[in-house]
Amino acid sequence: MKRLAVLTGGGDAPGLNAVIRAVVKTAGLQYQAEVLGVRDGFDGFLEPGGVFPLTLDSVRGILPRGGTILGTASRGNPFARKIVREGKTIVVDVSEDVATSIRSLNLEALIVVGGDGTLHIAEELYRKGVPTIGVPKTIDNDISGTEVTFGFDTALNVAMDALDRLHTTAEAHHRVMILELMGRDAGFITLEAGVAGGADVILIPEIPFRFESICEKVRERMERGSSFSMIAAAEGARPVGERQVYRMGGDEVYTPRLGGIGQVVAEQVGEACGIETRVTVLGHLQRGGSPTAFDRWLATRFGAAAVRLAAEGGFGRMVALQGAHIVNIALTEALAVPKRVDPHGEGVATARGLGISFGD
Amino acid sequence: MKRLAVLTGGGDAPGLNAVIRAVVKTAGLQYQAEVLGVRDGFDGFLEPGGVFPLTLDSVRGILPRGGTILGTASRGNPFARKIVREGKTIVVDVSEDVATSIRSLNLEALIVVGGDGTLHIAEELYRKGVPTIGVPKTIDNDISGTEVTFGFDTALNVAMDALDRLHTTAEAHHRVMILELMGRDAGFITLEAGVAGGADVILIPEIPFRFESICEKVRERMERGSSFSMIAAAEGARPVGERQVYRMGGDEVYTPRLGGIGQVVAEQVGEACGIETRVTVLGHLQRGGSPTAFDRWLATRFGAAAVRLAAEGGFGRMVALQGAHIVNIALTEALAVPKRVDPHGEGVATARGLGISFGD
Amino acid sequence: MKRLAVLTGGGDAPGLNAVIRAVVKTAGLQYQAEVLGVRDGFDGFLEPGGVFPLTLDSVRGILPRGGTILGTASRGNPFARKIVREGKTIVVDVSEDVATSIRSLNLEALIVVGGDGTLHIAEELYRKGVPTIGVPKTIDNDISGTEVTFGFDTALNVAMDALDRLHTTAEAHHRVMILELMGRDAGFITLEAGVAGGADVILIPEIPFRFESICEKVRERMERGSSFSMIAAAEGARPVGERQVYRMGGDEVYTPRLGGIGQVVAEQVGEACGIETRVTVLGHLQRGGSPTAFDRWLATRFGAAAVRLAAEGGFGRMVALQGAHIVNIALTEALAVPKRVDPHGEGVATARGLGISFGD
Amino acid sequence: MKRLAVLTGGGDAPGLNAVIRAVVKTAGLQYQAEVLGVRDGFDGFLEPGGVFPLTLDSVRGILPRGGTILGTASRGNPFARKIVREGKTIVVDVSEDVATSIRSLNLEALIVVGGDGTLHIAEELYRKGVPTIGVPKTIDNDISGTEVTFGFDTALNVAMDALDRLHTTAEAHHRVMILELMGRDAGFITLEAGVAGGADVILIPEIPFRFESICEKVRERMERGSSFSMIAAAEGARPVGERQVYRMGGDEVYTPRLGGIGQVVAEQVGEACGIETRVTVLGHLQRGGSPTAFDRWLATRFGAAAVRLAAEGGFGRMVALQGAHIVNIALTEALAVPKRVDPHGEGVATARGLGISFGD
C-alpha cells in the first residue's frame, strides 16, 4: 500500500480528528504509506487544492480537539448535487468526476468517515469501482452493526452535565425543567443521559407520548413532596397519533429548532399541570468540545483498523465495534436497517423499574 | 448575639449554599449563636414550617452544590404581593406581617442573600426596624459597590466552555454561530466570556448594534480566509434605535426566550450576509452546577463577613468586595445606581484592540 | 420478594451510589420489596446499627456523587478476620456469625457490590447457604466475564485529563513527564488513557520493559524535533527479569506509593537519557468524583439487573456486561481467571502501530 | 511603534498563550506594529533561529491552550549563566550579548512575561538601556503590586477539584487524606482551595504548625462522628521551630517532591493519631490545562495593556491588577517585597471562624 486518502462527511462529532490522526500515523509508521486529506467531504475531489498531503506534523496536537481539520461542509451528495444554472436549481450527478479524480490520484484506498448519508455514497462509489472503506460516525448511535461509535459518549456526558446543572435550579424554584436533546429518529442519547442525569420523564422518538401522562407523573411527584420535575426530550419525540414533529433530509445536518418539541412540551405541560416550565435546547453543544477518553480510544482504534482493512483489500466494508472487538462488516449490511431504541428492551425496562415515565 | 436567620431570594446562583454554610458555621462556632433558615425568600415568615433551625449537620456536604437548600421561589415582594381574592388579582402589603413574624422569633439579625429586588426589600424592612444585613447575589454582576459577586465566575466559565465547544463546529461547517447569554441590562458575562472564548463579535445592552456592521465583520473574516465567525450576544442586546427587545419585571427571574435576540441576529445576519447561521441559547445552564473555586471562596467570605457585621450591629448594610478586601456599604448606596459595562472603558477598548467588533 | 440487603466492599469506585440507588428504587417500586443497607462491607452484620433500612428518601440526590453512602471500610474477610487478642494478632473465622445475622434478618437476597476479594467472600457465603448476588466493581477492569464495569470509565477520563494537563508543561519545558496510574496487575487504564492522552511510552504489568528501550524512544523523538516525551506507567509495571515491584494483599485497597514505579522510571530514565524528568502519581484522584454518564448508566443497569436476578432466584451469580447486553454468570466462573491486557491483542497492536513504545 | 518582541520565562502557567495572542493582535491591529517571538526565555536572543516573527496566523487557536508556544526552558539568568568549560561549571555574564542582540533587532520594546526571577532580569536589562515592559506571572500569587495574576485561578480550580474527588474516598474509607499543593513560600493556593474544597486542616508556609495540633483536630472530628478528615498542605508548610523543609533556587522551577511535606504529615499524623492516612501530591497538574475564563480574560487584558504601555514608552514598568483596574507600577516596586498570606488577615480569620485548623 503506497497511498490512501481520508475524508470526513456530515455533521461533526468529537473524535473525527482522532480518526484522522490514527489513519495518518498507522499508514505512515506501520505501512510506510502516504496519506492525502480531502477537504469538505467529497467536494475536495472536485476543487483546486481540495486534496493535500497529511504528514505526521499535520496531525500533531489534534487528538484532544473537537471538530475535524478536514472540514465536513460539503455541498451534498455527488450522485445528486444541487447546482444553480441559469437561475434554476437543478440536480446533477457528478459522481463520475469524483471517481475520475480518485483514479487520477492513484489512491489505493479511500477511507470515508461519516454517518448514514456519507456511508451510502461510499457504498455507491465502491460499486463504481472506488476502493472505499467506511468508518461509522453518528452521535445519535443510529448505525447498525456497531454497538456504538465515537462522539456518542461525549454527547452523553454533555447532556448529563446539563441535567446536573438544571437540577439545582429546578429544585430551588419548584419548576418543571425540560431539556431538549439530539435524536431525530433514535432516542439513545436521551434515554441514557436521562437515566444518568436523574430525569423523571424521558421522551424518545421510539415511544410516542401523551401530555396528560407527563402531567400525571409531575403531579404524582408533587404529591410525594417533590416540587420539581426534570424532563429529557429527544428532538424527534412526538405525541401519540401525530406524525413526527421534526424531519430533515440530508446527512445528519442537525438544526436546533427554536420552537421544537421541547417548547411544545413546555407549553402543553405548563398549561395542563399549572406549573411553571422552562426549556433548554442543548443543540450544537452536544457536538463540540474535546472528546472523552472512550471516544478518543474508539476513534483511534477505528482509524487504525480502517488502515489495516485497506491493506487487506477489504473494500466496500466498514469497521465496527462488537463487544470488546473491532470487526468489519459490509457497508450494505450496516446501512440496511437503522438502529433504534428497543421499546421493550432492557434499557427502557430498567428506566421504568426506577419509576421513570416515558409519557406513554 | 444569640439568634439570627438567613434567607435566599431571587434567581438561584452557584454559591448560595456556600453562603448559608458559612453563616451557620461562623455563627455557631465563632459566636455560639443559633441560626434559623427561612424557606423560599420572605415567604417562609408567613407560612407554617417556613422557619426552621439550621445546624452544622444541615449544612454538611452542601459546599460544592449549586442551588440553595432554602429555596428561592417566593411569591414576590411582601410590600406588594399579588394575591387572588374572589377571582381577582389584587396587590396587598404583607410586610407588617413579615416584620411581626421576625420580631416574634426574637431574631437579632436577618441575613438576606439576594439581588437588586430582594435587597430593596431588605432595605425597606430595615427602615421598618428589622435588623437586616445584605449579601449581594447577581450572576449578571449588575450591583454597584461590590466589584463582583459569587455566581458570576461560574456563569462565565459555563459560557466560555460553550463558546469553546461551538468553535469546533463553526470551523468544521463554515458557519456563523451565535451564542445567546444572560444579561438583560448588563453585558459583563458576554463581554468577558466573549473575549475569553474567542468571539469575533460581542453584542451587549450597553452598546446598540447594527446588523450591517456585524455582516461587515463576518465578510472581512471570510476575505481573510476564516470561513466561520462566532457571535456572543447578551439577551438584552438591541439594534441601534430600537427599544430593548427584552424586558422582565421582578427580581432577576431569568427566562431564556426561544425567539429572543439570538434568533433575531441569526435571521437578520443569515439573510444579510448569505451565510448559514445557528443559535444556541444557554439559558439556565449558566445558573446551575457546582460553583468554581472563586465563587466558593467569595461566597464563604461573604457569609462569614455578614455574621461579623451582624455581631457589630451594622444593620441596613451590605457586605461587598473592593479590591482584595471585604468591606461593607449602606444598602441604599449599593442600590442607588446599577452597574453597567463602560462602553469607553478598558475592557471594551481591549476587546476592540484585539479586532473584536461590537457591531456598532 | 419481601426483603433484601445491599453492601459495598473494597476500594470505592465512582458509581457505587448509582448501584445502591437503582437497587432501592427497583426493589421498592417494581417489586414492593424492602431494602436494608449494610454498613462497611460485611462488618455491618456484626455491629450494632450496622444494618438499617434504605428508603427512597435515603437515596435521593446520590446519583451524581462519588463514594458510597454505605462505606466500604471493613476490617477484612469474615472468613479470616484479624483480631488482636491478649496482645497478639490472631486470625478467626467469623463467617458463621455473618451467616446467622443474615438469616435472622429474614433476607431473601444479599446484593454484594465489590471486587475480586469481596466477590470471593460472596461466593463462599453462597456455598454456606446465603442467597448472594454479585455486582462486579473494579476500577482496574480486571474481572472476567464482564467487558467492563462502572468506575473504569471515570478513572480513564481522570487519567486522560491529567495527561492533557501534563502535555502543555512537558512541551513548554522540554521534559520527560511520567504519570503513574492505577493498575497493579492489569494495565487497561494505562493502555487506554495512554492512547487517549497521547502518551509516547506506555508501561503495563503485562509487558515487562527495559529502561534502555524507553530511552531509545525518547532519543528518537528528540532527533525528530520533539523535545519532550510523555510516559504513562501502571503502578504494577516492572522491568524485564524483575519480580513485580509492587504487591498488596487484600481487596483492592489501593495505596499510591511515593517512591513507586513512576519514581523509579524517572530516576533511571533521567540518568540514562540525560534529560530532566518529572513524576506525577495520580493515586486516589482516579477513584473519586462524580461518575461519568457511562458509569452512571452501567451502574444503574447493574443495580436493577441484580434485583431482577434476586427475584428470579439466581443466587451465587453475578451480573455482567457482554456486548450491549446485561447477562449473568456464575460467581465461580467470573472469579476463575482474572482479566489482563492481551500483549498480542488488537489494543496493544493499535498503540504500537501509532508509534507508541511499550518499552520492550 | 514599529517592532516589539515578547518572551516567556520561568515555570509555565495557564494563560501565557493568551498573553502572547493579545500582544500580537493588539500590536498588529491597533498599532500596525510587527511582533517577534523569542524562544525559551532570554536564550532565544543568543541562539540561531531563537527570534522569529509572530503573525496573526501564529496565534490562531492558542487562546484555550495551556503552556506557551514560545517555550520557557531557558538555561537560566543571562547575568549569571552556568556553563561548562574544560570540565568545570563556571558562571558567566552574557547579559551584554543579550542587550546587543536586542539592539541589533531594532526592538522598540521587549515584553517580558515571567515571575520574580524573570522580572528581576527584565529590571536589570532596563537599567542597561533595554526598553523592557513586565507582565507578572505567578501561579503562587506571590508578586506584590498586583492583586492576582493569571494562572492562579486555574490552579485553584484544579486543587479544589482534587479535594472534591478525595472527599468521597475519605468518607467511604474513614481516612485522613492529605493533599500537597503548590506554594513554597506563599500559601494562597492552599488557603483558598482549602476553604473552597472543604478542608478541615490547612497548612501554609506563613503559619508554622504542630503535628499534635493536627491530631487534636482529627480526634475532635472523630468524636463528633466524622470518621474522616481532609488536610490541604502547601509544599512549603513546616512544623514550628523547623526551618523550611523545602527550598529551591531559581525562577519558579517547581518540583513535586515525592517524600515532601505531604508525606511527612501523613507519617507523623498517622502514627500520632493512629488513623490511616493517604497522600496525594498534585504537582504539575496545577500548572497545566486550559485556562479558566478569569485567567484568559486577565491574561488578555495584561497582554493588551503591555502593548499600550510600550506605545506610551513606560519602560521598566509592569502591568498589574488593582481592584477592577489595570494599572502599571515600576518593576522595582513590584519586586521589592514578595506577597504573603497575612496570618492575621480576613482570609485566615474567616477560615478559623468556620472551624478550620491551621495546626498552630
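In this document, chain identifiers A, B, C and D correspond to the written order of the chains, with residue numbering beginning at 1 in each.
As a convention for this text, contacts are C-beta pairs under 8 Å (C-beta built on N, C-alpha and C of every residue); 3 or more make two chains touch, one makes a residue touch a chain.
As the structure is a computational prediction, the values presented were derived from the model and not from experiment.
When each chain is reduced to the average of its Cα atoms, B sits farthest from chain C.
In whole angstrom, the spacing between the mean C-alpha positions of chain A and chain C is 31.
Note on chain placement: the centre of chain B and the centre of chain C lie 41 Å apart, centres being C-alpha means. The mean-CA centres of chain A and chain B are about 35 angstrom from one another, to the nearest whole unit.
Across the assembly, chain B contributes 164 as residues in contact with two or more other chains. Which chains touch which is summed up as A-B, A-C, B-D, C-D.
Those residues of chain D lying in contact with chain B across their complex are 22, 25-26, 29-30, 63-64, 147-148, 153, 156-157, 159-160, 164, 192-193, 195-198, 290, 292-294, 296-297, 300-301, 304-305, 307-308, 322-326, 346-347, 350, 352-355. Listed in rising order, the residues of chain C touching chain D in the complex are 11-12, 14, 16, 65-68, 71-73, 158, 161-162, 164-169, 171-175, 177, 227, 255-256, 258-259, 263, 278-285, 287-289.
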